[in-house]
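Let me give you the structure first, and then I'll get to my questions.
Here the chain labels run A, B, C and D in written order, and each chain numbers its own residues starting at 1.
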């Protein structure tokens, strides 16, 4: 029982860290522009693919189930920045081409455009000369030695690294947003873009910056995700959509537009999913059905419940429409 | 047609610790035209929102013909007989002028959804009735030749008038007009004044009017209520209001040398600093 | 009186005509194409009632489709055995093959036709109840939050169906323990061997009913109330429109027809698979509605026909790859250039009779 | 003395379908306090918004220190030396007082200058100095107004646009704020003041413009207008 608990805890922390990283991208864009960037999960998928392709450029690939070259250790320091760069750039392009022309349009239109961008990325990514339609295995970028063992649970380097890396990125973002000039400008724009421009803040550039930042985080999360779960699905796969949705739900539950809320939400969703899945094992006599198959249902259910009870999320403030 | 009476008794609304409207009381009866004025941010539109159910009062009562209507949904308040226009025009911009009025007539329809889908006789009867009524109203407001245009494409003055026509289509006993003259040019304002005067003769309504244009208010209204900081500072006939010290002070402020006095008064009132 | 009955009568005649003519002269290709197109029309027009008329944003339409499809599937598959011991006799109306393969002894009207009609209506009602449940959050949530709830609903439906039990083989079905067995919806394998009743007649009968409902709704007091909510909910309330009631009503009507579309899908293809009816399927329907025009019935019909048949026309294999890319680009450009979709709220006939006085 | 800082020439602004400004002409000399007065909805705030770049004029020009600025984006106009404390104060409620202040200096890079201006602003508004770490949304109305002015000063503007600084404030606070406005002006900042409190505004201004339905109906030295009938008319419709 303790073994199961610690295992679930470890899984939930790893997954939660990844959810939180993606959720941050959703929440930042929502905070600044007030719409759901549906294409964010696709940027994340492209991050994973960039990681995979950069690895094979560096000689790391998997042929017939075994890895060609053992990782030398430094590759990761090229692969993650590459994904961060590509995704940051991609997010910027999306913002400039698709969203910027709709700055004053009704929110529903922007939402539909975002769906369009999402469809576009998925299907372009699916083309044979881009990523193709087959899942591919992600090579190991680092060794994954056993770190320690508690209560029979083997704790290896990789999940630890994922958690630490995600934490570092989140702390970095926290510092950036709450303690730098740019972060201050970003928060100002999210509260009142008109007044922000009166402060001399170039609102357009801040919005671009927000997208780049969200994209970059998604890129990093993509590589970390591929390292942790080393089968990279094709870009239009349901997996990404579902992952993106769950990360988005994490952002909504935390109170969308709220940075810390997104982090809490990410972990909350992951805990719910992991422990929900293991519920049958925790209460063998009480729960008779197979709880693992419903693990994706839990987070949608909690979403609906939370939205009905607190429409603005756990940490959000609801706004009264001015008449 | 029986006379209707709207009574507002000591209504108060607090937004996050700030009292937007305090102890607001007013009585509007059929055939009356009352004005509600006050400087920016005095709480006039908040009053309208309270009367029409957009906001729920924190204290006080609102009665229409003796029946309490506060706390009800806006649609329910409208069906009991209070209609309004909006300060920042809120027409159904992508519907035609005629449809804007027809939406407001929908309370007259007695047939159900099933009746509409099966096109039962009562559907046709109601639709014909609604249509005739809408067209009469549009004609009355001089908008009939524009009835097939999208409301959003109308010139500004026409949009303002359409809003009034639409509000009247709900068969109100009390009509609330929120700055109907805003953004109009002098000629349009004169026409509007005439229109409102005529409305009062032709329809069995009482009108409560928020307006910034003092020419319009002073010309039209029988009685005027002045709000400042969410409180009524004066009520009376237009001539009385124009000479009221408090009103002049609220609008023009006081010269710097008299601030000391005001401070003294203020300390007695204990206003938020 | 004639006005009220004329249109439904036409719908019935057209459905019989399409079924009779295509079934008579076709080798199966057109029957298949027209079925797919017809179902797309039902889906698009019904989604338009929520997204276009009331301006709420639902992207979980495939969820209602699945619910209707699976209910119809199980009623047809298990129910046939349970109520009739075997597949009930279909008549002329439920013949899904080209007519040259028709058994000469076939009757005009079999008990199976009636059975299938009941199945369709049950599927619609089942989905409508789900629509009521999904519509309830629309009382409190606006815009994109509601959209997320509908996505959540679609995904929950999919996952629940996928995690259901395996399909019970027909040979093991009998009346005695039949009821206990009806839980197997075929898991992720899909629900197969559904008796085929969904002929062109039924598809186009319901296409006609859906379109007629949408149009009659739009040009009625109730429908105008829907539109007013889309335009400005606060102003609509101020006109006495009970917005919550109408929003839920729209969800229920829309879900009802999606459920029927599900029944038609299951019974015309003989199989239904929730995995294929995931988020992407909902998106495709949204794309059709958005392109056709939010609020335009004829626009939705046109878009459904074009977007369903276009890939077929442009050589399926090579085009399939680029089809969704094209959709996506069109979606983005339409939103930037024509925010209300190609037709906007207008109908095809509005374009022609623009200046011909007031319409009723 | 009579050097022109800001010139509005035949300025027209449309607000959707409303023709809000219908040919405003205005000349503002360096070092003066100029006030715009008039009834609600006359176009006073619209004029300020056009100057600071929040609204784009449909016709006419705005010259600041001889340079046309009416085509510039708002954030560039700030860099030219115009700061705007907007209507409703426009403070960022979820940021601290300190952060609000620092945002005022966003366009500047001189660390030393910013620091000295921060000290100066806080000396001007000692109340704010006590509340630097507080969330700005929790300040009282008067304190928020002070913050809005202090924040605008952080841009070290040559022209300060103030939109209804007395709105919703108790008279004693209004008096404090007007005293500070005079002080700021004494340090060489030109001030364009939109005020509802006409007597108060006229008593501290050098020049005044009376606006009615998008047009200037009268202008002249503030002292003369104090006793003018037209002002009462502009507000109360005479």
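Definition applied: contacts are C-beta pairs under 8 Å (C-beta built on N, C-alpha and C of every residue); 3 or more make two chains touch, one makes a residue touch a chain.
Worth saying up front: this structure is predicted, and the values here are computed from it rather than measured.
> Using direct touches as single steps, what is the fewest number of steps from chain B over to chain C?
The fewest touching-chain steps linking chain B to chain C number 1.
> If you tally the C-beta contacts for A-C and for A-D, which one comes out higher?
A-C
> Which one of the chains is closest to the middle, using the mean of its C-alpha atoms?
Answer by centroid distance: A.
> Roughly how far is chain C from chain D, going centre to centre by Cα mean, in whole Å?
A distance of 59 Å separates the two centres.
> So what's the Cα centroid distance for chain A and chain C, whole Å?
Between these chains, centre-to-centre, one finds 34 Å.
> Suppose each chain is reduced to the average of its Cα coordinates; what separation in Å results between chain A and chain B?
Centres of chain A and chain B (C-alpha means) sit 49 Å apart.
> If you average the CA atoms of chain A and of chain D, how far apart do the two points sit, in angstrom?
44
> Do you know which chain C residues sit against two or more other chains?
If we look for residues of chain C contacting two or more partner chains, we find 234.
> Which parts of chain B, given as residue numbers and ranges, touch two or more other chains?
Those would be 54, 86.
> Two or more other chains in contact with one residue: find those residues in chain A.
323
> Help me check something: in the complex, which residues belonging to chain D touch chain B?
Per the stated touch rule, the residues are 15, 17-20, 39-41, 140-142, 164, 166-168, 170-175, 178, 195-204, 213, 226, 231-232, 235-238.
> Taking the complex as given, what residues does chain A use to touch chain D?
Spelled out, the residues of chain A in touch with chain D are 181, 184-185, 187-188, 191-192, 194-203.
> So in the complex, which bits of chain C are touching chain B?
Residue positions touching the partner: 1, 3-4, 7, 213, 216-217, 220-225, 227-228, 231-232, 234-243, 249, 295, 340, 344-345, 354-355, 357-360.
> Which stretch or stretches of chain A touch chain C in the complex?
35-36, 98, 101-102, 105-113, 115-120, 122-124, 126-128, 236, 238, 241-242, 245, 248-249, 252, 290, 293-294, 296-297, 300-301, 303-304, 307-308, 311, 321, 323
> Under the stated contact criterion, what part of chain B meets chain C in this complex?
Spelled out, the residues of chain B in touch with chain C are 52-54, 73-76, 78-79, 83-84, 86, 90-95, 98-99, 102-107, 109, 111, 113, 116-121, 123-124, 126-127, 130-131, 135, 147-148, 166-167, 169-170.
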